[in-house]
Amino acid sequence: MVTKEIEEQDGLSRRLFLTGTAAAGIGSLAVEMASFSAEASTQVAAADVASLPRVKQELVAPPFFPEHDQVAKGGPKVVEIRMVIEEKIMVLDDDDAEIWALTYNGSVPGPMVVVHEGDYVELTLVNPASSAMEHNIDFHASTGALGGGGLTHVSPGEECVLRFKATKAGVFVYHCAPGGAMIPYHVTHGMNGAIMVLPRDGLKGKNGEPIRYDRAYYIGEQDYYLAKDEDDEYIRYDTAGEDYADYMETMATLTPSHIVFNGAVGALTGDNALKASVGETVLIVHSQANRDTRPHLIGGHGDHVWESGSFTDAPQTGLETWFIAGGAAGAATYTFRQPGIYAYVNHNLIEAVLKGAAAHFVVDGEWDDDLMMQVKKPTPI
Amino acid sequence: MVTKEIEEQDGLSRRLFLTGTAAAGIGSLAVEMASFSAEASTQVAAADVASLPRVKQELVAPPFFPEHDQVAKGGPKVVEIRMVIEEKIMVLDDDDAEIWALTYNGSVPGPMVVVHEGDYVELTLVNPASSAMEHNIDFHASTGALGGGGLTHVSPGEECVLRFKATKAGVFVYHCAPGGAMIPYHVTHGMNGAIMVLPRDGLKGKNGEPIRYDRAYYIGEQDYYLAKDEDDEYIRYDTAGEDYADYMETMATLTPSHIVFNGAVGALTGDNALKASVGETVLIVHSQANRDTRPHLIGGHGDHVWESGSFTDAPQTGLETWFIAGGAAGAATYTFRQPGIYAYVNHNLIEAVLKGAAAHFVVDGEWDDDLMMQVKKPTPI
Amino acid sequence: MVTKEIEEQDGLSRRLFLTGTAAAGIGSLAVEMASFSAEASTQVAAADVASLPRVKQELVAPPFFPEHDQVAKGGPKVVEIRMVIEEKIMVLDDDDAEIWALTYNGSVPGPMVVVHEGDYVELTLVNPASSAMEHNIDFHASTGALGGGGLTHVSPGEECVLRFKATKAGVFVYHCAPGGAMIPYHVTHGMNGAIMVLPRDGLKGKNGEPIRYDRAYYIGEQDYYLAKDEDDEYIRYDTAGEDYADYMETMATLTPSHIVFNGAVGALTGDNALKASVGETVLIVHSQANRDTRPHLIGGHGDHVWESGSFTDAPQTGLETWFIAGGAAGAATYTFRQPGIYAYVNHNLIEAVLKGAAAHFVVDGEWDDDLMMQVKKPTPI
């Protein structure tokens, strides 16, 4: 596999050895877990999940959500989903920045999955023979085996099926974690997404009141670490993984070249802007699998914010800006009160404007002078 | 305007084009919003705000607060404030660091505004003819039109009046947001401040008990990104805006040259130290319009902390350090229990000491041996 | 002392002067406080602490906790602890990275201290004659005199005794803070630790239910800023303090060379991995004295999380990742539900894998297929 070859050939063998081979690091865990859990699962009686109803969830590309019920109908289900890995060139910006993105289902971020607390997620993960690398998946919503990472290592040409029970209500990141330095490498090449585990009776405010939304959008913030050549141009590569040695160096600076929403600069602006109407309540799930972010809706607020993503805690209310730690997803609702174009940004404004972390909402409806009024237009003094 | 000329002349036209002209970015929103909202506001009947009482609030330079009632007297008011933009050289430190600061009313941060929930803020924003640049203002406390940013673009020699209703209780940032790369540029040149929207019946603890303060201080943390020349000296510029191309490059590193409280190193230390007495409760509002910070009072605590700035949520209690996301303001109260000199810092200690983010409190009163006692002075072993 | 000599000789005298000598900075506070508080404490009658029972707490090296009761037996006590400063070479990784670490009791982080709210901590701080530098200690859990920093400056060959009352329940950082640039220098050389102040009746969940733990581990995250020579090799130094001028420069980049748990890469992996069993509840206290972090247990969760470290606030529940601000400690409990090897990381995955911030838990017990099952092993498509 390319992974191994690259790890052996490059100049960063120190850390790779440490985390990828020796017992000391994260790298080797995947292999150990795979055998460990496989054995274990033969020793323990399978749960009688077989008797539960099964539904297929058609995953869609972000920022959209799959069809789902806000309040669960009936008891726990097995929700079947399918993800096909795709390694592909993505253009990040009009400055000739491009990357061999590593994706679930072809999008950065990967698709949003929605289930209810107590449901079982059954994922078929497919790595086509055309892939250059091994991949897997770690669900922060799951319990055990490195979030499933230890049980899902699929080489090119392989597929596997993982089932886990969604025991915690909230929004959670999933991401690829093949081991060692490949973990941040894959994650910062776009290989991450989110799952929303709703309480069976739906979202609730801090006084227990039901919270319902009219639309839901999923914004996945992505940090990339592109390297440049001596002419200050972004380097292009012919195949996935070829950027490995260069990328290790740029990652070590902890300073991304690009920070974007949904894969590329402009992915959620202009024709791709998010839509809403005055009076509608929008749920925004925002994930960042690696780096902290601070969502802010310019001209709006977070009416209800689950900053750390847990639906078993009451939401905060009336926030100007909220904070999502790297490796987490958060959720917020807002009921639009004014029409217009809103920018939704990571409110480190350098990251928003110079690095790319900005989206737009286009909201129609009637303007409310009571909330805001231009009493006097800009006029000579 | 200088803004436009600079945007066209420099080497960063890629991003500026993207965010400043094309439909994809934040830049063009301001213009679109201005026309959109102006039209809208002619179509909707004006609210009968005319019948409400009006008061003028005299704004003062931070760290001080304007005179205000902690509990509102009577019903909603229209609170008239006036801000005059001033572009001025500020000395940041004794290492020859200086910047053409962009300010509201001449200070970094801009003045604290205080109203009560349900009040209307009516701002007259004046950009003197002597200015080199266009400016505007985005209130995170407001609703619609990019926080008012879309309705307040004042060119040199212009003024405008914006009114908005303070519907959310809390502390909120305001800042200049003229469009595109000028947004982080203006904000990191000092053009930001905060407003406090008090609940009408005042602040409350997590059990609903009233919280009152004897003094209130406003600390605005500011990140600057000064460029150096080949001799490792900070570059000086003759006019506001002349540092634009250099500043774009330093901002892109995400590593500030200076991180300071209230505009410059030492602005709140020595003769400018904040004052209090044992037994007094001090309210500290801390804003950071762009970058995360972690306030800490050395030798004290946050008794009550509204970390995300919302007064519709209960405060946290008994914190050693609190966290304020970039693009937000937070509030904390502390009742001093010991006399002495306290340092109040951003507890990334490198940012506090090497970059400048430190203030002092000088507190008089009686020392309490029960809380702390030097049982044995430093003595030879 | 080395400290002073270095401060005078290096090229960073600007900032050092500012914060170390002039009235403007943090540096001079220590000296002022020392005299201030010493005077004060002679004027105020000593509390009748003399009548309280006294116990000696034997401190142990992290990740372990000293023996302690989760629920206090009896009334307040004076808890006597002793810390001996040790300046020593620590190997950080197998890439020839080493540092003259500055430590309390020889470990990075320093030992965990455990008391109950209302207890008095009485610390004997010893700086052996063999030390090169002056040191002190600032307890975030204490009140006054810069957290005791102003009363504990011990030169080589000196010792002192400080007593403070633990009035706030929670987990809190302590660290060395000798003044000026030496504050971040000492802290990022390892001189920090944590204290846990338990409520007298133990930890409680958000509904007031008691929370008890079977094991407790203390993870101290440490950022180091090692400098390299022209050959890209880490520079080695013959004595403590000799790296001062180089270190100032690397600190100013705000980009650590290493971010590790408990002193060095691999300190909590392999043979040093943390242990637990399925069904056991583990308390993890995580501190970061200088820089933000985002703990995450891969394949597990935070069942109860005191993100800001205060035990007077209810814990958050069911978190995938939590956030601890630089200059703070946080606590979390997790009841393990699956056996296997877990990685516990700072979920900026670059910081975890490339910089070193990873630990392992090895958990024995029975695998639960209901929670997770490998339905189909990786198989050719």
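Just so it is clear, A, B and C label the chains in written order, and each chain counts residues from 1 on its own.
By definition in this document, a contact is a pair of C-beta atoms (placed from the backbone, for glycine too) under 8 Å apart; a residue touches a chain by one contact, two chains touch by 3 or more.
This one's a predicted model, so the numbers in the text were calculated from it and none came from an experiment.
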Since chain A and chain C are copies of the same chain sequence, what is the angle of the rotation superposing the Cα atoms of one on the other, rounded to the nearest 5°? 120
Does the chain A and chain B pair touch with the same residues on each side or with different residues, judged by whether over half of the numbers are shared? different
In whole angstrom, what separates the CA-based centres of chain A and chain B? 31
By the touch definition above, chain A meets two or more other chains at residues 255, 292, 323
Please give the residue numbers of chain A that touch chain C in the complex, ascending. 14-15, 18-19, 22-26, 29, 32-33, 36-38, 40-41, 43-47, 49, 122, 124, 126, 128-129, 138, 140-155, 157-165, 167-170, 172-173, 177, 180-181, 183-184, 187-188, 248, 251-255, 289-292, 308-313, 323, 325-329
Chain A contact footprint on chain C (complex, rising order): 93-95, 206, 255, 265-266, 269-270, 292, 294, 296, 298-301, 305, 307, 316-323, 337-343, 345, 347-355, 358, 360, 366-381
